[in-house]
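Same chain, two partners: chain A is paired with chain B first, then with chain C.
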Partner chain A sequence: MDSYDASKLTPRQDASSRLKDFFIGATPLQKRLESVRKQTSFIPTPPRRKIPQGSQLQEDIDPQKFAFLLHEQWTLYTLTPLYKFSYTNFKEYSKLLNAFIAAEKQKGLAVEVGDDFNIKVIFSTLMGVKGTQRDPEAFLVQILSKSQLPSEHKEEKVLWTGWFCCIFGDSLLETVSEDFTCLPLFLANGTETNTAIIGTWFQKTFDCYFCPLAINAFNLSWMAAMWTACKMDHYMATTEFLWSVPCSPHSLDISYAIHPEDAKALWDSVHKTPGEVTQEEVDLFMDCLYSHFHRHFKIHLSATRLVRVSTSVASAHTDGKIKILCPKYFIGVLAYLTELAVFQIE
Partner chain B sequence: MDETLAEFFRRTILKIPMTEMMTVLKTWNFLSENQLQTVNFRQRKESIVQDLVLLCEENRASLNDAAHLDIIYTQFHRHQKIWDVFQMSKGPGDDIDLFDMEQFKSSFKKILQRALKNVTVSFKDAEENSVWIRIAWGTQYKKPNQYKPAYVVYYSQTPYAFTSSSQLKSNLPLLGQSFETHNSTTSLQERSLGLDINMNSRIIHENKVEKERVQRVTQEIFGDYPQPRLEFAQYKLETKFKSDLNGGILAEREEPLRCLVKFSSPHLLEALKSLAPAGIADVPLSPLLTCIPNKGKNYFKIRDK
Partner chain C sequence: MSALRPLDKLPGLNAATILLVGTEDALLQQLADSMLKEDCTSELNVHLARALPLPCSVNRPRIDLIVFVVNLHSKHSLQNVEESLCHLDAAFFLGKVTFLATGAGRDSHCSVHRNTVVKLAHTYRSPLLFCDLEVEDFRASMAQRLVRLLQICAGHVPGVSALNLLSLLRGSENPSLEDL
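Right after this comes the complex of A and B.
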């Protein structure tokens, strides 16, 4: 049986405080990362980025293979490089993680991992979810529960899904030695308790460190501009922004939805540099939206907090939640998120 | 002690939260330490209060003592009251007068008693040369209502006085007069600045004029009373884009922008009311927002004219 060291979480903590502890690093390396990360908000982001195109690699892969990753809401985390991780050990990892979860359940902690003890852990590679050949392969972890009842045919219910990827992560890949696998972007769907348990196992097994990835208003504006810039044959969803007004005694939310064709027309009028999005263009695009709103409502949206942007390509929330809708720009969206994750780690 | 007075004592003491009871009683300083020790503070509150009232009777407590206790309670709970601020302005060419607190109190009381036969006026000195004045109003024929007193807090070294009351409005001119007559060269002027009662006169507000204008306009639009409870408003906009920025954006586009704007809040109108004072909205507020109560609807379709 595995023995657990002192950094193990104590049994009495409830889920929310466990999640908090889980993210507070214990080792000196983790503490150093924590302090460095606090300074990254002052590092200026590049003034221009490429408009997402369909990735070349992606065309070789059947998009149906990752269709199940679309239209789901994922909670985002950054992940430091994994030490001595191997794609050939998936069977063993599945067993170890399964045992870990069962042990947690025994202690009465993992009460949300299915109604019975019969769970299955699956590690699998996600082929084609990368930007360049240099990017490590993305992989997926799923927790499934098997029904114990003999009458029902053994249907497997997915309790939790998490996947790890790296899209155009060159800047990070260059800094680490061969023992490390860089998959800085982690996306999870499922309860926070389960995410904490699985995260703890990864942290202990590969000496890595998870951190929630929040998306600030600045980056949300970039996303809105870039995704509006994407060429679409037809639009599945309206383009929508959500602001939260901080100053009221009662909270006030302002939702501003614009017909996607009109948003595109506005963007085309703003856009000057072919194939690229510049900071000036993003600012101007947002300013146009603000001034159109101001003309009607005399309210300065720029004085409030942008919390969510939603387009036909994807939608993102400031709490670090993402939903990707369009398969064509799946990689493009992940590329931007990887960039944010790498910034946060460095 | 007559019954109404005893009842007033009972109700006043009953108001005091148990956590503050000892502090308030000690501040009042009417019942001695020994007397307080005879009370069993572990009983039910009603019983404690009964015992305390009996002690008050023993000490032959008067209405004045009750009024003092009421003032102390109000001082402890000043933040639960709404205060209006008054500023006294001096006429041109006036000298700074020497202020005599006792003289002020005496003339203040005299004026009120002369004007209204039935009035109870009590004073308590407080920090920073201030005095708390409690006034219970009656009429020609009715005794003062001790349960709805007015409070005036006057900081003698400043031109400011704070008032709070449920029934003050009609008696305002009289109060004003009492200040005026005391010092014949000053006149009372209401300035609705909404200052905190512990105002430090050394703090200045930079854009006071602008802030006041915003408050005034907001008040004109929304009024003084709480807004009707509304949770959302929705606007369907089909208007052309017009912008002064960098001219030319969407200049050739004939079609309007199709937008849908939704405001939502647990209390929408109160939230909208707070936007201008917070600097998030300009005044005058947009008619699209202010017309919600007037038109009695919260779904709108807006098109270019």
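Right after this comes the complex of A and C.
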């Protein structure tokens, strides 16, 4: 009798304890699937975010090394984790990519000896472009044109630059297994055709997927608030906003420029908790700008769409274009972009 | 210019009146047209308004259902709805108010986060519907749904009342909204 009862009890106990273990040890991805099944709205907008600070690994990096990444306009893409990517095989990757580009350019054309095929592809690591020690190293891909005449020591021209990075990508790093390298943010500068060719090669080689990252008006207003909150000794550019008014046949653009110190003064009057930015402060900051504009021009800017934000720290466009101006907040800006990229991947 | 009350007028015979409130005139007009095209046993009246309070001078029938339309692309429409909600008698929120959020399909154009509207609907204990009013098919199915809701709120469907419907709709909502 005892054994019969015991056998009846244990399966149920076993199942419930297994269920409990499932939830305790569940990775964030499993928890997310569970919430989707329950049809709960999963990701709330975080009510507060930290103002971008300098990187915690400031001692390791030499700001001169990534000075060439500043003041350039980058187009943003999100990238799913790369499968079996290795930092030691850079030479091999360079050769393969070089051959691939040459093959692509030759497709459909008769073989010509031209400058196009004298290109060199370089893979290199970007030391220090990461948020925590856990983040994978960022790396850079460049296409250079080799000069035809070796006697003239001409400098090689950079045709295309692209770099991959991950800043504070903890939520994504937790969900993937060992074989994958997570570098969710991809920034490219150069012609669209080159970006497409390189994207295709990466997708074929590492089984990943590129997707353009668009920044919506909500996130642009967060960026405006966070970048205005950054303490700067010396302002390089005016703070400028651009709105697009939806009307037919051609949309109207409204541009609003503020002296950066006035913007900072406005932010300081709105800001309460030191070191953090909350949703209410962002809304209040933007509402102040909107009501000031309305008082003078009787136009409700809140009914239009914010398209571009430009401050002394960085400037961003809704199509996914970014230009970082200030080396001090370089990592901070990338951290927010990584967050957007990770959110889009998920 | 007083607050709208749900029961201060007598109902018309077989008439059901809906009030659509929102800043997006074109979308409201299109939604109204879709609703009037629906086959319905009751006589439908659709009123449109930019904001509350409504002017007292107009002689209007009793309003059975109010739908607040928020465009997620425009913060202005959200602020407009928030201001209008103050001019409504509390008894309306017993099933005769619905929120409708449009524009969620094009995320790159959104300036209002979804959760803001979800929180708003939760605060007023009213159902929230999502629909891209710019797409004709979605608009037509939403119009069908609103006509059905309106019939229930006007009391034309035997056995179901507005309050009944509200508790039915609330039951299927996720309980974790309290975390927001």
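Everything below uses one rule, namely that the second predicted complex is superposed on the first by the 288 of 346 C-alpha atoms of A that agree within 3 Å, B and C clash if a C-alpha of one lies under 4 Å from a C-alpha of the other, contacts with A are read in each partner's own complex, and residues count from 1 in each chain.
Everything below uses one rule, namely that a residue touches a chain if its C-beta (ideal position, glycine included) is under 8 Å from a C-beta of that chain, and two chains touch if they have at least 3 such contacts.
Values in this document were obtained by computation on a predicted structure and should not be read as measured data.
Undergrad: Of the partners chain B and chain C, which touch A:H300 in the superposed model: first, second, both, neither?
TA: A:H300 contacts both chain B and chain C.
Undergrad: Is A:F218 in contact with chain B, with chain C, with both, or with neither (first, second, both, neither)?
TA: A:F218 contacts chain C only, not chain B.
Undergrad: Looking at the overlay, what does A:P274 touch: chain B (first), chain C (second), both, or neither?
TA: neither
Undergrad: With both structures placed on chain A, which of the two partners, chain B or chain C, ends up touching more residues of chain A?
TA: B
Undergrad: Check chain A for residues that touch chain B in one structure and chain C in the other, and list them.
TA: 300, 303-304
Undergrad: Which residues, counting only chain A, touch chain C once they are in their complex?
TA: The contact residues of chain A facing chain C are 35, 38-41, 44-45, 214-218, 221, 246, 286, 290, 300, 302-306, 318.
Undergrad: Touching chain A in the complex: which residues of chain C?
TA: Touch list, chain C to chain A: 23, 73-77, 79, 107-115, 118, 174, 176, 179-180.
Undergrad: Taking the complex as given, what residues does chain A use to touch chain B?
TA: 238, 245, 247-259, 262, 265-266, 269-270, 284, 287-288, 291-293, 295-300, 303-304
Undergrad: If we count contacts the way the header does, which residues on chain B are in touch with chain A in the complex?
TA: Residue positions touching the partner: 235, 237, 239, 241-246, 248-250, 253, 255, 257-268, 270-272, 274-275, 278-282, 284-286, 288-289, 302.
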